[in-house]
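Below are two complexes that have chain A in common, paired first with chain B and then with chain C.
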Partner chain A sequence: MVNLTIDGKQVTVSKTATIYEAAKEAGIHIPVLCYAKKLLPYGACRVCLVEVEQMKGRLIPSCTTPVSEGMVVTTTSDEINKVRKTVLEFLLVNHVVDCPVCDKGGECDLQDLTYEFEVVTNRFEGEKFDLPTDEVNPLIERNMNRCVLCGKCVRVCDEIVGYGSYSFINRGFETKIATAYDRGLNCEFCGQCLSMCPVGALLPRPFKFKARPWQLKEVDSVCGYCGNGCTVTLGVLNKKVETIRFNDKIGVNDGNLCIRGRFGYSYVNHEDRLTMPLVRKDGELVETDWDEALQVVADGLSKAQKGLGVGIISGARLTNEELFVLKKVARTLGTENLDHSGGECYKSVTEGLKETLGVAASTATFPQIEKADVVLAIRSDFYETHPVVGMVVNQAIRRNGAKLLVIADKRGKLDKLPGARTLLSKPGLELDVLNAMAKVLIDEGLAQTEGIEGLAELKTALTDFDPAQVAERSGVDFELLQTAARQLAGAKNVAILMAYGLPYQGFNKELATAAANLALLAGIPGRAGSGLYLCGEKANSQGAIDLGILPQGNGLGAQLMLSAAAEGKLDALYVVAEDPLSSYPDRDKVAKSLEKVPFLVVQDLFLSPTAQQADVVLPAASFAEKDGTFTNAERRIQRVRQGIPTPGKARTDGAIFAAVAGKLGNSLSFTGPAAIFAEIGKEVPAYAEFDFNEIGPQGVVWGGETLQPVSHKVVNAGAGKTVEADFKLVTGSALYHSGTVSTRAKGPIAVLPEPYVELSREDAKGLKVVDGDLVKVNGNGVELQLKVKVGNRLPKGVLFVPYHFAEAQVNRLYKGEAVIAVKVSK
Partner chain B sequence: MFKEFAKGLSITFKHLLPGHSTTVQYPTVKLKPSDRFRGLHRLVPSQDREKCVACYLCPTVCPAKCITVESAENEKGEKYPKVYTIDLLRCIFCGYCVEACPVEAIEMTGVYEMANYKREDFQFTKQRLLK
Partner chain C sequence: MSEAVEATVAEQDTDLTGANRILDKYVDFPGALMPALQEIQEFYGYIPEPTVHLTAERLNVYTSQIYGVLTFYAQFHLEPRGKYIVRVCMGTACHVKGAGRIAETIKDRLGIGHAETTEDLKFTAEYVACIGACGMAPVIMVNDGTYGSLTVQKVDEVIKKYQQMD
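Moving on to the complex of A and B:
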């Protein structure tokens, strides 16, 4: 600790603090332009100049100067103000003062400082820039005439996102921020740069000229896309979400968002949203009122329950409270067939982790990843499914020198991070690589064996996974495999990351088991600072598991329900917030079951392909329209708040469930989400310690920062399997989308509007195709025609197809396997 | 004393003579208000559009909250008011909107005859304000 005096105030701060940080801690305001809490000190703007007794003769930039013992700092004096005013005058020499038409007006740092220092005239004259604005990309408007060269965008894109879109070019007065070759922006479009820009040089295009910042009502909620649980602050004007506001004060994401979080909100305002209940009459879906629709649902479901039974399939984007009420509905009906999100996809957590560690959740929290020494990511798509966790990994590497290891069948964003090493295996054989790493640990005596059950069985099972042989058959570099295992065992803090979701079903449970084995052998679970992270694809995947939206008793899971329906062994299906026809594997099976099932109820935001088949369609609410809680992938329970009313007659899922239960004769009366949350605590012990109204801005983590595993048992995970074919197809998530709902959001769809098949340059050359050509992809007896996208990510012979687009019908080809042998022709 | 009385009355009688009255025969005769009079608003046109850039300062400053602005982007990529309406029934003619305008796009004219029969007729849209 260091003692210093700022404006006569005694301050004690850590020795790594800068003068600016020390002053901020002491509540003393120093104006800044180029400083940002999450970025490294830079000192570009010279607005934060202060006087230091010991360094008399010149003014010192407070944001870059570290504190030292006995420093005496003055932050304001006539001289300092004069210099600051001059700095502002210099900045205003070529800043176009178009505040009336600039969307930043009202929250512009330069505007505020100009006002604060009363810069009403300028002693200097210079030419205003007249640079063209970047009109090419659909999301981020770049107007370099307004730029003050603080470099925040350059730094955030490099330090946090790890993309490096921007840099300074030219010199002197001509200096400007530009992309490579000064072309239009073509990047991840996460929009971190525009959240950092202190002036109006970078602005969100979808929000262009929509409103002034002071008109917006700000509502803090949680993003409804992936399981990371980023805080999003909705900017609401006239009952419409107009934009997502920058907020680095609360939440787990430190103000960082991905393209979906920042630009994917617009589906809530979509004109195709369902506003009225629909009931099928004479083969047509016709609008009706709630009373009739609910009566038809209740009659249909109770009749079916008396017959062959009802199956309930839910999505994982409902709040905990809604899922709880859904469970009550299932109980009222008397059905045990209850499941969520595909059934197979979350088995990694519910079965893989449960068998080994005895818990069904990630064992540590995200902030710990930043402190990790070694990060192991299984499947490179981790960045694509959970971009903001990927940014945390990037910071672990850059700030703390963490080593990143990736086990994947293709290269992705993670592979590009500094020092990242990818164990590139053939698709389907990642499991073998993990097993081989476990074998290295055991053979070299690096493994922690104390208190581990089942070690002898695992040793026998691992005889088939000799590292050299695995390296040979999977294509992974042998030495790298060994080094990776050794690094894992030798490091103090380790984070093992794996994502699960609908497009990643092949060897899901096995991969998680193998990862847990490896984690146990390296002593990771339960060790403070280390953790095994299994991250759900949807906003409340973890909540759905915690609340047990799983087959009850002898009930059927989602896949079995669909099979049963296809065979005519189920009389009704109640599908909530899911579009199985578009997103579940094996479309033909799903189509058959939806066709065969006598009574189908769909509750969703849009008239999805599944909803078009339904007998009753109930219009539901999006995440921006309801109150409640989501539990993110690190077990953090966070508040979701209502920003806007539901469109038309649509109701929240919770209200619909309560009404359905009412019609079924069980009048569930809850006074609101707080009451339901208290009720959840009675059934889910982990939730019992929290009070709904006391969930603070950072949320609450059940089970503590480090979750102690219940058991330490290694289990044989089995072997992976690849296919022998010229072309192997894998499905997955594309960075710009999440699930199928993002294809209704303007932002993501503007960047990635259509389905595609991605292939390597070599394959493209071999097939004589270029970007945008159509190819026929033939596999599993199905032929799809897809547009080609040529990329550097994939090794030769591997194809990648994102699963988000309903119209591509990728799931006709994908039946839940890890890798599909396909033929490709022009 | 009579002299003063007569003098006083003569002034009174003088005012009774034609041409000495201060009363104006409104509506046949209309006075021109002072240049600083705060009457009906007018949006100032420029060459091909209104001067207004939809910066939202006037609805923000308006104490009676009678101005509605909705901005949009035109073909040239400029910001313009798609909607600009003043509800004159609520307007208190304080002139703050004129004062706040950074581009001198709104001014107040000498028009003071604004009586009308229907409430809707007091909604002055952009087209009416541009006249």
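Moving on to the complex of A and C:
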């Protein structure tokens, strides 16, 4: 710690602090333009100049100068003010002062400073910038006439996002911030740059002329897409979410968001939202009132329950409280057929982790990833599935020098960072690679074996996974495989990451088991600072597991329910917040089930392809329209808050469940999410220690920052399997989308409007196709026609198709396998 | 998305063999962007866009960052340059002795002003500060040849001479 004096006040701060940070801690205001908490010190704007007694003769930039013992700092004096004012005058020479029409007006740092320092006149004259505005993309407007060259956008895109869209170009007065070749912005559109911009140079286009910042009501909630659980602060005006506000003060994401979080909210405002209950009459779905719809639902379900039974399939984007009430509905109906998210993809957690570690959740929290020495990511570097975790991984590598290892069938974005290595495996054989790494640990005596159960059996099982042979058949570099295993064993802190979700079903449980084996052998689970992370696809995937939205007793899981329905052995299906027809593997099977089942209720936001088959459609609420909690992939329970009312007659899923239960004769008297949360605690012990109303801005983590495993058991994970074919197709998540909901959101859909098949440059050359050409992809007896996208991340012979687009019907081809043999032709 | 853009650009007709050979030398050399770009320019006469994307990919530097470097330094040229670089001295002595008229004549005869190149890629004009031959003002240089004490007529002769050459 270092002691110094700022404006006569004694301050003690960490020796790594800058003068600016020390002052901030002491509550002393120093104006800044180019400083941002999450970026490295830069010192571009000279607004933060201060006097330091030990450094007389010049003014010192406080944001880049580290503190030292005995420093005496003055932050305000006539001279300092004069210089700051001059800096502002310089900036205002070229800056176009169009505050009345600038969306930043009211929260613009330059505007505020100009006001603070009373820069009424300007001693300098010069030409105003007259640069064209970049309006090529639909999401981020770049008006460089307002730019103050603080470089925050350049830095955030490099330091945090790792994309590098921007650079300073030209020299002297001509200097400006531009993309390569000064073209229109064409990037990931995460919008970190516009969240950093201190002026109105970078603005969200969808928000243009929508509201003045002070008119907006800000509601802190949690993003409804993936399991990362980013805080999204809704900017609400006239009962409409107009934008997502920058907020780095609360939550897990430090103000970072991806395109889905920042621009994907707009589906809540979509004109196609369901606003009225629909009931099928004479073959047509017609609008009706709640009373009738609920009566039809109750009659249908209770009739079915007396017959061949009811199945309930839920999505994982309902709140914990809603899921709890859903469980009550299942009990009221007396059905044990309850499941979520297709019933397979989460088995990595409920079976893979459960059988090894005895827990069904990630063992550590996200902030610990940043401190890891080695990060091992399985199946992708997380940028596609959980982009903001990807940014954390990026930080771990770039700021803290962690080594990144990725075991995947394609290269990811982080592959090029220093020390990052991809163990590029043939699709379907990642499992063998993990097994071989475990074998390296055991054979080389690097494994932690004390207190580990099942070691002898594992050793026997691993004889089939000789590292050299696995390297040979998977295509992974042998030495890299060995090095990777050794790095895991030698590191102090390790983070092992794996995403799960509907498109990642193949060898899902097995991969998690192998990952857990590896983690156990490397001593990771339960060690503070290290963790094994399994991250769900949906906002409340972990909550659905915690709450037990799983087959009860002898009940059927989602896949068995669908099979039973297809065989005429189930009389009703109640599908909530899920579009199985579009997103579940094996569309034809789902279609048959939906067609055969005598009574189908669908509760959703949109009239999805599944809902179109329903007998009753119940209009539900989006994440922005309800209160409750989500549990993210690190077990953090966070508050979801209502920002806007539901459209039309739509109701929250919780309210609908309660009404259905009521019609079934079980009037649930819950008085709101807080009361339900208290009830949850009675059934889910991990939740019992928390009070809904005391969940703070950082949420609460059940099981603690480091979750102690209940068992330490290594289990034979089995072997992976690839296919022999010229073309191997894998499916998954594309960066810009999440599930199927994002295809209704203007932002993501503007950037990635349609399905495609991605292939390597080599394959494109071989097939004589270029970007945008149509190809026929033939596999599993199904032919799809898709647009080509050529990229450099796929190895030759591997194709990638994102699964989000209902119209592409990728799930006719994808039946849940890790890799599909396909033929491709023009 | 940018990957796709890069791929399309990379397929334009620039033979990247030369650039690849140059970059081979620098791939394991951190901070070698400047010398690599200089060599590429030497090879191609300017920096063609496909070589920028190639450099970005092989040296693991953002394309935007390379573009920043290329536009910062006057030594880099993003457009093809003429075979003959006509440097018109605009120093004080030449200015007094009528460098403006010399520049105008060149513009009139070749149709190119400062930093411009004729369509046939034969001439590029550059207005430069003093070239250190004030005794010969007004003076121009064409590649390594120096022509002093110029008049409009003499400029015509110089231009003609180079027009007749290959």
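Definition applied: the second predicted complex is superposed on the first by the 824 of 826 C-alpha atoms of A that agree within 3 Å, B and C clash if a C-alpha of one lies under 4 Å from a C-alpha of the other, contacts with A are read in each partner's own complex, and residues count from 1 in each chain.
Convention: a contact is a pair of C-beta atoms (placed from the backbone, for glycine too) under 8 Å apart; a residue touches a chain by one contact, two chains touch by 3 or more.
For clarity, every value in this text was computed on a predicted model and none was experimentally measured.
What is the contact status of A:K416 with respect to chain B (first) and chain C (second): first, second, both, or neither?
Second partner only.
Chain B or chain C: which reaches more residues on chain A?
Touching more of chain A: C.
In the superposed arrangement, which partner chain does A:D158 touch: chain B (first), chain C (second), both, or neither?
Only chain C is touched by A:D158; chain B is not.
With both complexes superposed on chain A, which partner does A:I545 reach: first (chain B), second (chain C), both or neither?
neither
By the touch definition at the top of the document, which applies to A:F209: first (chain B), second (chain C), both, or neither?
It touches chain B, and chain C stays clear.
After the superposition on A, what does A:I680 contact: first (chain B), second (chain C), both or neither?
After superposition on chain A, A:I680 lies in contact with neither partner.
For chain A, which residues count as touching chain C in their complex?
158, 163-171, 178-182, 186-187, 416, 751, 761, 764, 770-771, 789-793
Given the complex with chain B, which residues does chain A contribute to the contact?
Touch list, chain A to chain B: 99-101, 105, 133, 135, 208-212, 214-215.
Using the touch definition up top, name the residues of chain C that touch chain A in the complex.
It is residues 1-8, 11, 49, 52, 57, 60, 62-68, 71-72 of chain C that touch chain A.
Applying the document's contact rule, which stretches of chain B touch chain A when the two form their complex?
The contact residues of chain B facing chain A are 53-57, 60, 71-73, 77-79, 102-103.
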